[in-house]
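Worksheet: one structure, shown below.
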Amino acid sequence: MAQHRTGKERLTLFSDGVFAVIITILVLEMKPPDEATFGALLELWPTGLSYGVSYLFIAIVWINHHHLFNFTESATQRVVWYNFAHLFSVSLIPFTTEWLAESRLAAAPSSIYAVIFVFVNITYLALCWESVDRTSQTNISQRVRRLFRMRSFITIGLFTAAAVLALWWPVAGIALICLCLVLYVRPDVLQATSADG
Amino acid sequence: MAQHRTGKERLTLFSDGVFAVIITILVLEMKPPDEATFGALLELWPTGLSYGVSYLFIAIVWINHHHLFNFTESATQRVVWYNFAHLFSVSLIPFTTEWLAESRLAAAPSSIYAVIFVFVNITYLALCWESVDRTSQTNISQRVRRLFRMRSFITIGLFTAAAVLALWWPVAGIALICLCLVLYVRPDVLQATSADG
Amino acid sequence: MAQHRTGKERLTLFSDGVFAVIITILVLEMKPPDEATFGALLELWPTGLSYGVSYLFIAIVWINHHHLFNFTESATQRVVWYNFAHLFSVSLIPFTTEWLAESRLAAAPSSIYAVIFVFVNITYLALCWESVDRTSQTNISQRVRRLFRMRSFITIGLFTAAAVLALWWPVAGIALICLCLVLYVRPDVLQATSADG
Amino acid sequence: MAQHRTGKERLTLFSDGVFAVIITILVLEMKPPDEATFGALLELWPTGLSYGVSYLFIAIVWINHHHLFNFTESATQRVVWYNFAHLFSVSLIPFTTEWLAESRLAAAPSSIYAVIFVFVNITYLALCWESVDRTSQTNISQRVRRLFRMRSFITIGLFTAAAVLALWWPVAGIALICLCLVLYVRPDVLQATSADG
């Protein structure tokens, strides 16, 4: 029992370390403009926008990861591997963000950017199924689980739609991603079952 | 109750991870001179100055964050988001520091540098209001809160003044920032209410 | 007793911090293609492959490190130094990965890549001997230890073979490494003695 | 009391985060050779040597920091600031290491490299005085303190000598630094008073 807790705690701390490095390096990769003028800074708006969206997304992913691990009982072998898969897809965000910013929101990078968001959500869903659904927790009602699952599928659907849309209208794809993030901003459903904030 | 503590602790650890990466990478971004002479090293004084000031500022921000979280009772949804906003503004410091250093203290980068300091303070103030003021803590007297708030507004005012001043006299703006940091170096007011160091 | 635990805990947390930075920066070092097309992204397949393999390897190393420290009773001076040697060899992975990717799987980088894998395993074996074998733990049977040791030697042998093979057929060497990783994916033997996942 | 522990713990964790990032990024800054041959790798020996020495030094600094914080009772304002000064000097190591490696052990970089080692030791000594000497700990005898202080002064003297020596014979300065590190490798004196490893 005590060992189970340690295992889960170390996994949580390790994941937090990875999140902390990813979210920080993301913003650090923004290179200052060559000229020392406000105009040169404003020229960088696609960089600013894509980094802002990525920061917001990683923040949401961290919050959801945090919530999920409050419910997780133990770090089984599978939970560890799904977590690594989840962290791997999150760690691809800075790469695609940089590509998106450098191309100033071109079609291929916008689409790949949305695809990574889909991967992050799929690995998160796998992590949820493994760590919550397979355990017989009585404090999560069937209704809450259904709502939660529905929201996950809708999010994956919307991000997939954004990936397809971006092939023709990259800006529309990015706009759809921003819209999804607003929907995803609060982990309400899971939260409703817990006093924990 | 136990869950509340976990939530707050994980938020603290995550924030510390982000602070650790930001403060370290800040110094790591200093590129060594091309020539292997002392003269070439001395030539880098604007880089040294701006990195020193940024390091000091992030240290102060960390200390204040640390103090604040000693008083914070639980990590509510709002505390989490204001904390992400605070970390986001802190994470912009290396970007502006690099721009400031590369331009050798030009007007626009100096002004933007001060603006980021204002953002860091505003998000910190929001975090304070959310995590301390809204809770009915009897161990923080009204007088202490008033003093603390006054100091926050003075700091924000001084950094804003530095941002405007830097448009015409960048060096004066940077000097005013340095002066502010000396004022901000000790979180005395909050500390006076607690034996905790 | 309490101090022993603190020491071990701090060593674990420090190691996790190092692992978190290594695994993250590894993926962050992937530079986006210059052109904004899917073709340009596909051109990067050697980069993608080598980063994927390295990520998987570091994940396996972390899991094994995690398991080992569950059995470690105290962080002696030697455990601390073997752990630093282990982390040092792990920290060379991004360097060799980048060389491997840039050379598009050439002979010398492929061989050095396998050599680093050998170093990681040798330092891990030293860490095992020091932290588990020298303590008289009754909950690890002789049979389990023998199995575990045998598996370690086979792994080191296979990685050494991959290092030699890569000198003539780099792709075969990399393929052999991938095969080893599949064998190493589950720390079953040690796990069999513990309910801990 | 409980709050004191939290403060010290958070300071320890934050410091560990900074150490983890510094020691990792140090090795990550090694850039792979342009050619995919063993000869090109061997050409990088000054890089390899300087990174190896820096890694060893940071490992020693971490171990000493760890030992010191086992004795530290509470994180006072001064301990926090001396710790930031210590971390700042440690964070300059990658910068000087890179300069040293790029110049292939030239005079000025070798001397500055030794100067940073002196700074790291001075800030460590200040941290020791503040956190151990000023508290009335009966479990550290006068004799142990005297031995410890003597060793610190000898180390600072040797690193200063290395800084001067390096101005004329850089390789001799670096050799003297390596010699010092061997002396410093075990925190025996402090350890003798504690069963903690």
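Residue numbering begins at 1 within each chain, and the chains themselves are lettered A, B, C and D in the order written.
Assume a contact is a pair of C-beta atoms (placed from the backbone, for glycine too) under 8 Å apart; a residue touches a chain by one contact, two chains touch by 3 or more.
Predicted, not measured: the structure shown is a model, and the values here were computed from it.
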Equivalent interface positions on chain B and chain D, same or different at half: different
Centroid-based (C-alpha) most distant chain relative to chain C: B
Whole-Å separation of chain centres (CA-atom averages), chain A against chain B: 27
Inter-chain centre distance, chain B versus chain C - centres from mean C-alpha coordinates, in Å: 37
Sequence positions of chain A contacting 2 or more other chains: 13, 17, 20-21, 25
Touch list for chain D against partner chain B, complex: 3-4, 6-7, 10, 13-14, 17-18, 20-22, 25, 29, 74-77, 79-81, 84, 87-88, 91-92, 94-96, 98-99, 102-103, 106-109, 112
Residues of chain B that touch chain D when the two form their complex: 12-13, 16-17, 19-21, 23-25, 27-28, 30-33, 36-38, 40-41, 55, 59, 62-63, 66, 70, 186, 191, 194-197
